[in-house]
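A, B, C, D, E, F, G, H, I and J are the chain letters, set down in written order, and residue numbers restart from 1 in every chain.
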Amino acid sequence: MDLTDKLLAAKKAKGFSFGQLGELLGYDEVWVAALFYRQASASVEEVGKLADALDLPAAALEKLTESSLKGLGPVVPTDPLVYRFYEIMQVYGMPLKAVIHEKFGDGIMSAIDFTMSVEKEENPNGDRVNILMSGKFLPYKKW
Amino acid sequence: MDLTDKLLAAKKAKGFSFGQLGELLGYDEVWVAALFYRQASASVEEVGKLADALDLPAAALEKLTESSLKGLGPVVPTDPLVYRFYEIMQVYGMPLKAVIHEKFGDGIMSAIDFTMSVEKEENPNGDRVNILMSGKFLPYKKW
Amino acid sequence: MDLTDKLLAAKKAKGFSFGQLGELLGYDEVWVAALFYRQASASVEEVGKLADALDLPAAALEKLTESSLKGLGPVVPTDPLVYRFYEIMQVYGMPLKAVIHEKFGDGIMSAIDFTMSVEKEENPNGDRVNILMSGKFLPYKKW
Amino acid sequence: MDLTDKLLAAKKAKGFSFGQLGELLGYDEVWVAALFYRQASASVEEVGKLADALDLPAAALEKLTESSLKGLGPVVPTDPLVYRFYEIMQVYGMPLKAVIHEKFGDGIMSAIDFTMSVEKEENPNGDRVNILMSGKFLPYKKW
Amino acid sequence: MDLTDKLLAAKKAKGFSFGQLGELLGYDEVWVAALFYRQASASVEEVGKLADALDLPAAALEKLTESSLKGLGPVVPTDPLVYRFYEIMQVYGMPLKAVIHEKFGDGIMSAIDFTMSVEKEENPNGDRVNILMSGKFLPYKKW
Amino acid sequence: MDLTDKLLAAKKAKGFSFGQLGELLGYDEVWVAALFYRQASASVEEVGKLADALDLPAAALEKLTESSLKGLGPVVPTDPLVYRFYEIMQVYGMPLKAVIHEKFGDGIMSAIDFTMSVEKEENPNGDRVNILMSGKFLPYKKW
Amino acid sequence: MDLTDKLLAAKKAKGFSFGQLGELLGYDEVWVAALFYRQASASVEEVGKLADALDLPAAALEKLTESSLKGLGPVVPTDPLVYRFYEIMQVYGMPLKAVIHEKFGDGIMSAIDFTMSVEKEENPNGDRVNILMSGKFLPYKKW
Amino acid sequence: MDLTDKLLAAKKAKGFSFGQLGELLGYDEVWVAALFYRQASASVEEVGKLADALDLPAAALEKLTESSLKGLGPVVPTDPLVYRFYEIMQVYGMPLKAVIHEKFGDGIMSAIDFTMSVEKEENPNGDRVNILMSGKFLPYKKW
Amino acid sequence: MDLTDKLLAAKKAKGFSFGQLGELLGYDEVWVAALFYRQASASVEEVGKLADALDLPAAALEKLTESSLKGLGPVVPTDPLVYRFYEIMQVYGMPLKAVIHEKFGDGIMSAIDFTMSVEKEENPNGDRVNILMSGKFLPYKKW
Amino acid sequence: MDLTDKLLAAKKAKGFSFGQLGELLGYDEVWVAALFYRQASASVEEVGKLADALDLPAAALEKLTESSLKGLGPVVPTDPLVYRFYEIMQVYGMPLKAVIHEKFGDGIMSAIDFTMSVEKEENPNGDRVNILMSGKFLPYKKW
């Protein structure tokens, strides 16, 4: 049973949502989920708080303080939910590039100095998933 | 010179931003950029308005009323701006799946009943690119 | 022995067909098979009924209530039965796109709000496999 | 301008739907679309009828009597409409295999002795795309 | 030790050739080898005979009655013997297509209603491997 | 118009089958088709005979005397007829390896000192495509 | 003749080195080469200076003010000089990650706020290529 | 627990940095990290020193004296830190090739007779990662 | 511990070089290394001699008499030593083809009726690795 | 007509072999072929001599003085002659690595400080292609 499975099982047993763990740690629920999947790392104190909340020995979570190898998937994801983000990149990647360059100049949106949140918008025609990404604009340096 | 290049050249010659064309057509600038890159299609009337604005013969833009083959790129994008969206999918795809399933149940965020906008947030530490995606939640049907 | 193998073994031991399990759960046999292969998820009650029918402890089947990572195969399937569906996509994908766009406009057939069934048609020249897919049409939103 | 584009342009100019051309030739609209995309071949007489209907010289359509190299796309399609068929294969391929084997024994559904049609089902919750595939079951020969 | 290895070890221990097992089961040696590699499936009676011959408990061979996931290799095989068949497809695939279409019309050679045998032809300039493939011609259905 | 297309067009105009050209040149029809697709090379005399038969200037066919880059296709072929040969390699490659090793020892069937022919076997249950491959067995040299 | 070839030809005709052009523009020679290969973009004034130096009409170089699609190569480069950088990433990527994390914490070296220069170090045992890369450290933001 | 994990755990337990181990062994910290990841090999004496420092039995580290299979990753790395080196190769590979050829002639920078170090440059606008690579220039031999 | 590792460990423990084992068996050291990596197979007698030399039970080495699945690596090797052979094929493959065709006609160099040896040439400017490959020329058969 | 084709045509028209051109230039025939395929570069004088020999204007061959992008093929070559070199790398790459490491220590055979020649060995059992590769051994530097 790998660390992610152990964390997910403990979260389920304790009945926590990612949102509740996020409040407890002072971070967004998406970041907490990223920590569970080893895509983010936390300080020793934060890991201690998480261990307490989940009733797991802190030592078992120690790896969460390290930067593990990031990136979770096959080259093209097969899971339909994850694939839709690949599709958005395939279909809207160039239009986004054009609009960002028009508004900011030559550069990129950072995926490191970056935050992301998920909101549920209730809607009579079907609820909507609203995702807000915010990344620092990094202009290309000329040298 | 393909249709996308022709549109971009005319837009440049006329000095329009995507945002100005968006106001003219009544759509978001990202959608207009998607139309330029043949990732969206428009009605005959909309294409007519665009042709007028860009001083191009409507016939030259007729292909924009059709649904062309979507998807713009190599399997893994090499352009750094576009790649960052691939990276977000690789790194945060599973955490997003976990949070969306927790909030909505088993299903996906639609990439079809979907909108996206780009805001420039001025910030003394470096401006930020804020992207808001909104897609209808589609629950898996059991049958 | 993974969960899919355990389910298949229990089904064999009990002598159930997917169709009989489908009647028991109130769903189509294809959906039941998708549940066995972790491509669909079920409610706690449904998993309970299935556990009873297969004489397995409900706890062992608890994972079936979760949305696991979907998608089963190599990029291009090698199994001849599965490959034929890949071939249908390769050969008839563009013609289908053309016909669907002509009948519905720009959009897609949902693979989420989607059902599928398999009928055996007896035929003196060789029985036929009839597959009926039904997916909600999702028109591209303009925004 | 390749042959497919020429056929599509003539069809548009004449205002035919695939369905109308299908009635004219005595075939389903999907098969006609497959012929346009060079995924099916027709007899000299059928090509003659099509040339008449589209007001094109029969000689220009002569290639339609030959079996060209089939298969239209990239290994994993990027177009969202076409991709959904890839996704159905990825997600439901193994469940389909299990159900078909249970009902028919070891073998496959032919993609050659095969027909497919598309129906539009009007529905207050959103129209549905219904696809009926029918392929001869081919049992594995033992030898 | 997987089932294929177990079968091969028992065959070696008993000193059988595939040809001898083929006579025993009433099938060609290639088919027997395909059964060993889980690329073919057999009836309960046939598996019983094989179990007797190899002195293995029938229960251990029960999986041979099922249609397992077929296809054995990497996308491009690296084994030189297997690769040569890939090379034949790469080099002679189109010429074969041209000759088969000329002789039979538009369609394919079935790989399901299919038999194959291997003969050793003694030859002073070096023995020859003769392979006879026989597959039903399947004409493309028009619909 | 590349050389292969030119050859195929001349063959069609003259009404030759590959078999008739084969008789004329003293080779099998499959080899002639391989020559058309630039997968085999011929002597100056043979090319002269072919040019005469097809009423083409010998100079136009001069390239046929050279060994061009062989191999015609994508890594995994999408054409259904060609794919079936890929499938045979995927499904029966290892069983063939096992049988050939048992009969000949460690080595391969040459794809260079190799011949192949296609026979049409008329059959009330559907004609059969019979393919005979004959390649020299090359034992691995120990050194 | 594409823009890169045109620039390289003019540079050769004028006898400039990248270093001389760099001095002229006030940038490093590597950045100038990146501009030639459309991997960097310049201001209108800079492009004007370059056009003067190369005796090319400024209009012909206008594209250099735009951010074109970056990334030059096949997935794995085949050119030996370029490949060595791929090899360095393959062989030393994880050790670099370990050292950078140890020195800086969880984050990355930016490839956008980034400079690179090439020095020739004369050496009796063979000259050495010294490459200095300098990228801003971007710590992962927690949110 | 593989050898790399064992080494990393011992290093952590002992509180060593790569730099400290480097001083102890007389090598750069990057080389030590490469040794940990099995991308470099050491002499028996060096391994002995390392074993002493880490309080591990020398026998457990004996594999470090051998040249294991080098190369750590997927074809395109997904980890953002490692990916940036891939991006540098994609974006700046050709410009580097142009500059190196201009300065040195036709040849490459060796990745074998090669050293690399990482410096932390403190900077009020954000610390910088400085990487110095030094590889022997290898001119193409003419023969 | 797989068979290759077991053989390498015994060889190390006994202090043999591949050359010494080659003398013992009467074969070249490269062939012996190929046997260790399961890329060649040996007779029962040869395996017996090897078992004696390495002090291993003959039964443990019995698999060496069989032709295992050959080919050791990823599609593009990442190990620098192995990669250089890939590079030689990429860079010099076509020139070799041109020279071999000029000297021998249309055909190939066999990789089966093939030997290879490695010589160390001492050289004051750096020792050289000399590799001699010798393969039978196989002319393409016309049929 | 690209430069390689132009060179090959002129060589054919003049009736030169690569060996004769090699004598003329003072290089091996394989190197001359590499020059033809743009995998090597030559000095202005050498290009002048070649232009004279082939009766081509020196200006047309000027590109031969530049280091073009090297590497000629698809990732896995399909041409049988070229593929055999890929196969040798796949099958014998690891054994070669083991033997070279045993004889030279950790390092590689250079593919840059490298020569290669092809000899025809007449042999009653079939002529043999003898290839001699000689590359400088490059030991891994420790730093």
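Odds and ends about this structure:
Throughout what follows, contacts are C-beta pairs under 8 Å (C-beta built on N, C-alpha and C of every residue); 3 or more make two chains touch, one makes a residue touch a chain.
Predicted model only: the values in this text are computed from it and were never measured.
Chains touching both chain E and chain F: C, D, I, J. Relative to the C-alpha centre of chain H, the farthest chain centre belongs to D.
With each centre defined as the average position of its C-alpha atoms, the distance from chain C to chain E rounds to 30 Å. Per-chain Cα centroids separate chain D from chain J by 48 Å. In this assembly, the C-alpha centroid of chain E lies 41 Å from the C-alpha centroid of chain J. Contact of a single residue of chain C with at least two other chains is seen at positions 30, 67, 69-73, 75-82, 87, 90-91, 94, 97, 101, 107-108, 110-114, 116, 138. Each chain pair that touches appears in this list: A-B, A-C, A-D, A-G, A-H, B-C, B-D, B-G, B-H, C-D, C-E, C-F, D-E, D-F, E-F, E-I, E-J, F-I, F-J, G-H, G-I, G-J, H-I, H-J, I-J.
Within the complex formed with chain I, the residues of chain H that make contact are 67, 69-73, 75, 111-112.
For chain J in complex with chain H, the residues that touch the partner chain are 27-28, 30-31, 40-42, 66-67, 69, 94, 97, 101, 106-108, 110, 112-117, 138-143. Across the interface of their complex, chain H is touched by residues 76, 78, 80, 83, 87, 90-91 of chain B. Of all the residues in chain I, the ones that touch chain J in their complex are 8, 17-19, 29-30, 33-34, 36-37, 39, 70-73, 75-77, 79-82, 84-104, 107-111, 113-114, 116, 118, 120-121, 123, 125-138.
On the side of chain J, the complex with chain F involves touching residues 76-81.
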